[in-house]
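Handing you a structure now.
Note that the chains take the letters A, B and C in the order they are written out, and that residue 1 is the start of every chain.
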Amino acid sequence: MLVVVTGIPGTGKTTVATKAMEKLAGEGVKYEMVTYGTVMFEIAKGKKLVENRDEMRKLSPDVQKTIQEQAAKKIHLMGMNANIVLDTHCSIKTPKGYLPGLPEKIVKMLEPNVIVIVESGADEIHLRRQGDPTRARDAESVEDIRLHQDMNRNFGAAYAVLSGACVKIIQNPQGKADQAAGEMAGVLK
Amino acid sequence: MLVVVTGIPGTGKTTVATKAMEKLAGEGVKYEMVTYGTVMFEIAKGKKLVENRDEMRKLSPDVQKTIQEQAAKKIHLMGMNANIVLDTHCSIKTPKGYLPGLPEKIVKMLEPNVIVIVESGADEIHLRRQGDPTRARDAESVEDIRLHQDMNRNFGAAYAVLSGACVKIIQNPQGKADQAAGEMAGVLK
Amino acid sequence: MLVVVTGIPGTGKTTVATKAMEKLAGEGVKYEMVTYGTVMFEIAKGKKLVENRDEMRKLSPDVQKTIQEQAAKKIHLMGMNANIVLDTHCSIKTPKGYLPGLPEKIVKMLEPNVIVIVESGADEIHLRRQGDPTRARDAESVEDIRLHQDMNRNFGAAYAVLSGACVKIIQNPQGKADQAAGEMAGVLK
């Protein structure tokens, strides 16, 4: 099983995924968490293109694209021998708009079984981010957060049509992480 | 003409499609209603893989996929010689999320002219389903119904981009089935 | 750079794009505005298929499709030697539903860097259209305008996934065209 887990910052996707994996481990179902960006970094480091993660964004777009594809191939192979939760972005908000995290070629290489989108209320995400001092500078409005989550559903549907995967939307409202984790465990089972 | 007609349970898509076809028959335009699942069942029965429809879901995913593709080929051919209303699902709600009803390969084989999505208000659908004793067990919340309809629009757009079809959204509010049927007749004409 | 600019009638997309281009021209960044329909018309005229634009819609769908593809090839080449703002439709509202403006083959030929969707409030668009005497006949309801804008986001996401482009949503509320133009200038820079 290869389950892609996405969710914009502040949705608590990592908490939900970790709790779900713990729950399943207790039932004897083992999952490994893989972060797309980390796999890309390791490939680039192995090729001596970078020494630390900050240098990744300085690579030319063409080199980044090649590494992204090599990572997809590697993760797809991992998913054939193990249960993988792949932590990545449905879309990345850039100054030029929403960049798809899984463009056609990548999602077809990955062949995920399920694409999960963890969501929270836009106002809750806004509040959670305000409490996070590392994010103070680029504060998004509630309306922008709502738009990003809306667009991610659109991207998710396109990914599913191209790869044949299911798309699962999981709501993670404040104080209900256990319930959201239970729902995710149901997907991973 | 091959017109795919979708709509989640409780939208009244079959009523709307049937009324539209009757209306057109009166004007001399003949359409045949084909149900995707029935075509698949007939193919599987012809291969002696199943004897009744309940056995269909017990076929392995790979076999189901092969039959789904053979059905697409068959329906595409039917659409070249006749006007077909194809009754199917935009997406199927499964425990692992929304499964696209017309993944890339299928929608490209079908080459539909139009993909219709029949919608009703989520609260109306909820009420209609409560009145249907066969659905009592798996009652969906109004919010879940709203989400399913939202995702189906996303799927519909992806299908259109991949196949070049038009996507038509038809609202079927309570007591307005004739108006909705009139709109669908306009699409079929 | 090839930036596709879309927006349904009444969003003010042309005003916003023109203002953004003027702003950038003042900073020494030159963009050329190309209208998809005009490129198609010129190709058809060059082949002596039509003499004026009204005749374009009378061409058979197959001929229109061929010309649409030749236009995509031509615009893609233009975008390799210059900065292009491509004025076109995200989807076209037809009696048979929303027709994608950039079906798979076209968006892959164009390889745009960014797809911009200019939006305004559905009620504002409705009001603006009422003030436009050329549109009086086919007045759309506020609800239909909202639906068209919603579907265009879905189409935009599918285009991005297929082409690798970013999708940028720019709001253009009444009286804020300068702000919207500033946002578009940021995309074009």
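Quick note on the criterion: a residue touches a chain if its C-beta (ideal position, glycine included) is under 8 Å from a C-beta of that chain, and two chains touch if they have at least 3 such contacts.
Fair warning: this is a prediction, and the values are worked out from it, not measured in the lab.
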Chain-level touch network, classified as line, ring, star, complete or other: complete
Same or different residue numbers at the subunit A/subunit C copy interface, by half rule: different
Subunit B on subunit C, rotation in degrees - Cα superposition, rounded to nearest 5: 120
Chain centre separation (subunit A, subunit C; CA means) in Å: 31
In subunit B, residues with contacts to at least two other chains: 154, 157-158, 162
List of subunit C residues in touch with subunit B within their complex: 91, 94-100, 102-104, 107, 147, 150-151, 154-155, 157-159, 162
Of subunit B, residues touching subunit C in the complex: 113-116, 153-154, 156-158, 160-162, 164, 166-169, 186-187
